[in-house]
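Chains here go by letter, A, B, C and D, matching the order in which they are written, and residues are numbered from 1 within each.
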Amino acid sequence: MALDKNQIAQRIAQEINDGNYVNLGIGIPTLVANYIPSNVNVILQSENGLLGIGPFPTDENVDADLINAGKQTITYVKGAAFFDSSRSFAMIRGGHVDLTILGAFEVSEKGDIASWKVPGKMVKGMGGAMDLVSSAKNIIVAMQHTNKGQSKILKECTLPLTGVNCVKKIVTDIAVLEVTANGFKLLERAPGVSVEEIINSTEGKLIVEGEIPEMKLY
Amino acid sequence: MNKVVKNVYEAIDGIANNMTLMVGGFGLCGIPENSILALSKTEIKGLTCISNNAGVDDFGLGLLLKNKQISKMISSYVGENVEFERQLLSGELEVELNPQGTLAERIRAGGAGIPAFFVPAGYGTEVAEGKEVREFDGKMHLMETALKADFAIVKAWKGDTNGNLIYKYTANNFNEVMATAGKITIAEVEELVPAGELDPNCIHTPGIYVQRIFKGENYEKRIEQRTIKTQ
Amino acid sequence: MNKVVKNVYEAIDGIANNMTLMVGGFGLCGIPENSILALSKTEIKGLTCISNNAGVDDFGLGLLLKNKQISKMISSYVGENVEFERQLLSGELEVELNPQGTLAERIRAGGAGIPAFFVPAGYGTEVAEGKEVREFDGKMHLMETALKADFAIVKAWKGDTNGNLIYKYTANNFNEVMATAGKITIAEVEELVPAGELDPNCIHTPGIYVQRIFKGENYEKRIEQRTIKTQ
Amino acid sequence: MALDKNQIAQRIAQEINDGNYVNLGIGIPTLVANYIPSNVNVILQSENGLLGIGPFPTDENVDADLINAGKQTITYVKGAAFFDSSRSFAMIRGGHVDLTILGAFEVSEKGDIASWKVPGKMVKGMGGAMDLVSSAKNIIVAMQHTNKGQSKILKECTLPLTGVNCVKKIVTDIAVLEVTANGFKLLERAPGVSVEEIINSTEGKLIVEGEIPEMKLY
C-alpha cells in the first residue's frame, strides 16, 4: 500500500544521523522533523536565517519575527543562532549543511531535479531550492512516484530544472531509490507494494538487484 | 553627523521615479512597514524593487504593486501575490527571478565592492541563460554580478543614533545585507537609542552603512502562516 | 553530537605533516595560544599556514617557525619576525603575500562555496602577476580564488557546547572568517558555557562551523605595542 | 621651513569633514587624529575590525583584545562597532570609507603609489594598503617630499607599486599637491618655503598657477 505523506516523512527520518545539520524544504520534508528519534541530535537549518529550529509555538508564544522558510511561525532551540540571508546561504553554498530534504515534481536518472516551475501555472520562483540542490553534500527528495498515472521518476525531466546531477536518494510513496551512475537503484519498496508495480511506475532506468526489502516504518 | 530623521517622509525624501530600491524582509517578516506605507502614498512610479518577495495583495510591497508604482521586481519567490501575477501576465510588470542565495550574495557583493563572483546555483537551469559558465574543481559555476540600489530600506529591532543596527531573530533575513548595498540606506527601527547603548560586539549593521534612521510606528507585523503546536 | 574535547591535544589530533592550517589572529591579538603551543610540541612538519601575520620570534606562529614546522606562509604582513626573514632568504620558507582584504575574502569565499571572485586590490602591482584581469564598470579587477584549510584553528571569547562562538573587540579579526573555511575547525575559548546561554541574536560563528571546542588555559595575551595616553 | 610630522598631520586634519568615516594608516596618518577639531564629528575605521577608534587607553584600561591596525592598544568610542576582517574589508572595498590617509615612499604624477616594498630590504608585506588604495573614495598621502635630496614626487614610481591611479592629494613637508589628469597641481606651500624650492624638489610634472598660498596650520 502506498505511503501517505507522514509515512514518507517517517521513512526519510531514518536517513538522518546524530549530529547532522539538516535543511528541510516546504511540505513533506517539514514533517520529517516529527519523526526524528529523541536520541538523534539534529540541528535544523532554516535558510531565512536560523540554525536550530524548534517546534511550532504555543498560541501565546507566537512571534512574528520568528518564522521558517515556509513562513510558518516557529520557535528556536537552546544553542540556536540567527544570521542574515547572505550568511545563511554562505553556509549552504559552502557545503556545511549535511543533508537537504526537499520535494520535487520530477527527478531524472542522472539526478536532475525539477521542482520550481510548471509552464502555464502561476510563476512562484525558485526561492532557495537552486542554491540548496547545487551545494548540499547529500540531497534526498520526498515526492510522489507518479502523478495521475504518469511516472515522475524519469529518464529526462520534462519541466524546467532546479539543478542537475545532484539528487542522491528519493523516497516516494512506493519506493526508496538511490541515484547511481547507471540509473535508479531500487533499495526498498513500500509495505505491500510489489517490485513489478514500482517497475511499471518508473519511466527512468530502474536497477533491481536481488530481493528488495520492504521499508520499515518505526 | 546627524542621521536621525524626524519621520518617515523625511526618510524617503529623494526617492524618485525609476529608481532602484532594495527592500528588506522575508515574506512579511522584517519588512520596513513604515517606509513602504509612506511610499504607497506618493506618486513615485517606475521603481525597480530588489526584494526576496513581493508582499501579499494588501500588505508589504503588494501596496506598491497595487498602485502600479513598481515596474520591475528582482526576487526569488513571488508566489503569494495574485495582483503580481496579473501584472506579470499583462506585461505591466517585469520580473527577474534569482536563486535566493545568489540574490543575497549579489547584494553582499554590491556592498562589498566585488563586481562579480562564481556560484554553482542555477547551472544547467534557465537561470544560467546568458551567463558565463566556468568549471572550478570539477564543478560547473555561473558568473553572477553585484547588485546595488539608489536606496536600501531596512527594518531593524534596535538602532542607535550612529546608525548601528541589531535585528531580531529571523526578521534579520535580507535587511542586514541590503543595508550594505544602498547608495543611501534608510533604517526604520522599533527602538532608537543614543550611541553607546548597544553592545559594540553585537552590532549586525555598523553605522557606516546607514545614512538615515528613524523610529517606526504602529508595526502590524502581519503573520502569513500562523502555525501553532497541536497538543 | 559532542563537540567538546577534553584538552588541546585531543583538539589538534589528526593534524599531520604537509597539511594546510588556518590560524586566527591579527598580530598577537586573538591568536589560539593553546593550540599553537601544543603544535610546537609535536613533530608535525611541512605545514602551510594561512594567517595574516607570522607571530613574533618567540610567540604565536613564531614558535612553529623556530621549529621549522612551517614550509609555507600565506599572509599579508610579516614584518615583526626576524627568524621569518632568515628562513625566507635562505629558501627554507616559502611566502605568499596577499592584500589583507583579499586574504580575508579568499577565506570567506572558501567557506561560502564561491570558488573565485573579482577585486580591485592589487591591480597594476606584482600581486596581479599571473592573475586574470577584467574590467567592470570602467575599473580593472583581478580574479582571486578561494582558500580552504584542512584545519582552521580559532580563538574566541565565549563558546557554547554547540560550537557557537562570540569574539571580543578586535580579537575577532580573522577568527570568525577562518572558522568557516576549515574542513575541521577547532575553537579554543576563554569561557565555555552550555548551549542556550549565549544570546542567539549575537552569535558571530554559528556552531555548524565548529567541529571541536575546548576551554583554553593560561592566556598570556601578549601586547606588541603597549601604547598609553600621555596626559 | 619644512613641516615636521605633527604639522603634516595638522594640515591633513583640515581635509576631514564632519560626518566622515576615515581610515588612518600607520605613522603620520595616525597623528592626524590629534588635530581633528572637536566640532568635527569623525569616525575612525581600523581595518582589523573596528569602527570608532578612541584615544589610547590609560595604563589601567589597556586591553590586549583591543588594538588598532598598527597593533597599538586603543580604546573605542560610544557607538562603536566591532566586526571581523572579511566584513572590515567588505566595508573598505565597497567604498563606504570616505577618506583614507596613508604614508608612501613614492607617488607618481598619475596617482600611482609605492608604499610597501623596498627591494633589498626586509620583506614586510602590504597589509591592508592595497585594498585601501584601490577602493577608498578619497585618498590622501602623507609623506616627505624628498629623501636624501631625491624627489619622491615622481613622473613614474621606481619602487614596487601599491596601487595605480588612486592618490587624490598629497601633503608633504613642503607642499600640498593635487593629482590631476595633467600632473601634480601645487595647491599650497609650507610656511616660508618658496615655490622654486618645491619645483626643484619635484621630479614629476608640477603645475603652478597663479599665487600659491602658504598652508595655514591651526
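In this text, a residue touches a chain if its C-beta (ideal position, glycine included) is under 8 Å from a C-beta of that chain, and two chains touch if they have at least 3 such contacts.
Please read these numbers as outputs of a predicted model, since none were measured by experiment.
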Set of chains adjacent to chain B and to chain D: C
Comparison of A-C and C-D by number of C-beta pairs in contact, larger one: C-D
Farthest-lying chain, centroid of Cα atoms versus that of chain C: A
Gap in Å, rounded to a whole number, between the CA centres of chain C and chain A: 36
Whole-Å gap between the CA centroids of chain A and chain B: 28
CA centroid of chain B to CA centroid of chain C, Å: 33
Touching two or more other chains - residue numbers and ranges from chain D: 76, 82-83, 89-90, 92-93, 135
Residues of chain B touching at least two other chains: 105, 108, 112-114, 119-120, 167-169, 200-201
Complete list of chain pairs which touch one another: A-B, A-C, B-C, B-D, C-D
Contact footprint of chain C on chain D as seen in their complex: 46-50, 55-59, 62-68, 70-74, 76, 82-86, 88-90, 92-93, 112, 122-131, 134-135, 160-165
Chain A-touching residues of chain C, taken from the complex the two chains share: 1, 108, 110-114, 160-162, 164, 180-181, 194-196, 198, 200-201, 203, 206-209
Residues of chain B defined as touching chain A within the complex: 26-30, 52, 75-79, 85, 88, 95, 97, 99-105, 107-108, 119-127, 157, 167-177, 204, 221-230
Residues of chain A that touch chain C when the two form their complex: 18-19, 21, 41, 43, 45, 51-52, 76, 78-83, 87, 89-97, 135
In the complex with chain C, residue positions of chain B that touch it: 105, 109, 112-120, 134, 136-137, 139, 141, 145, 166-169, 199-202
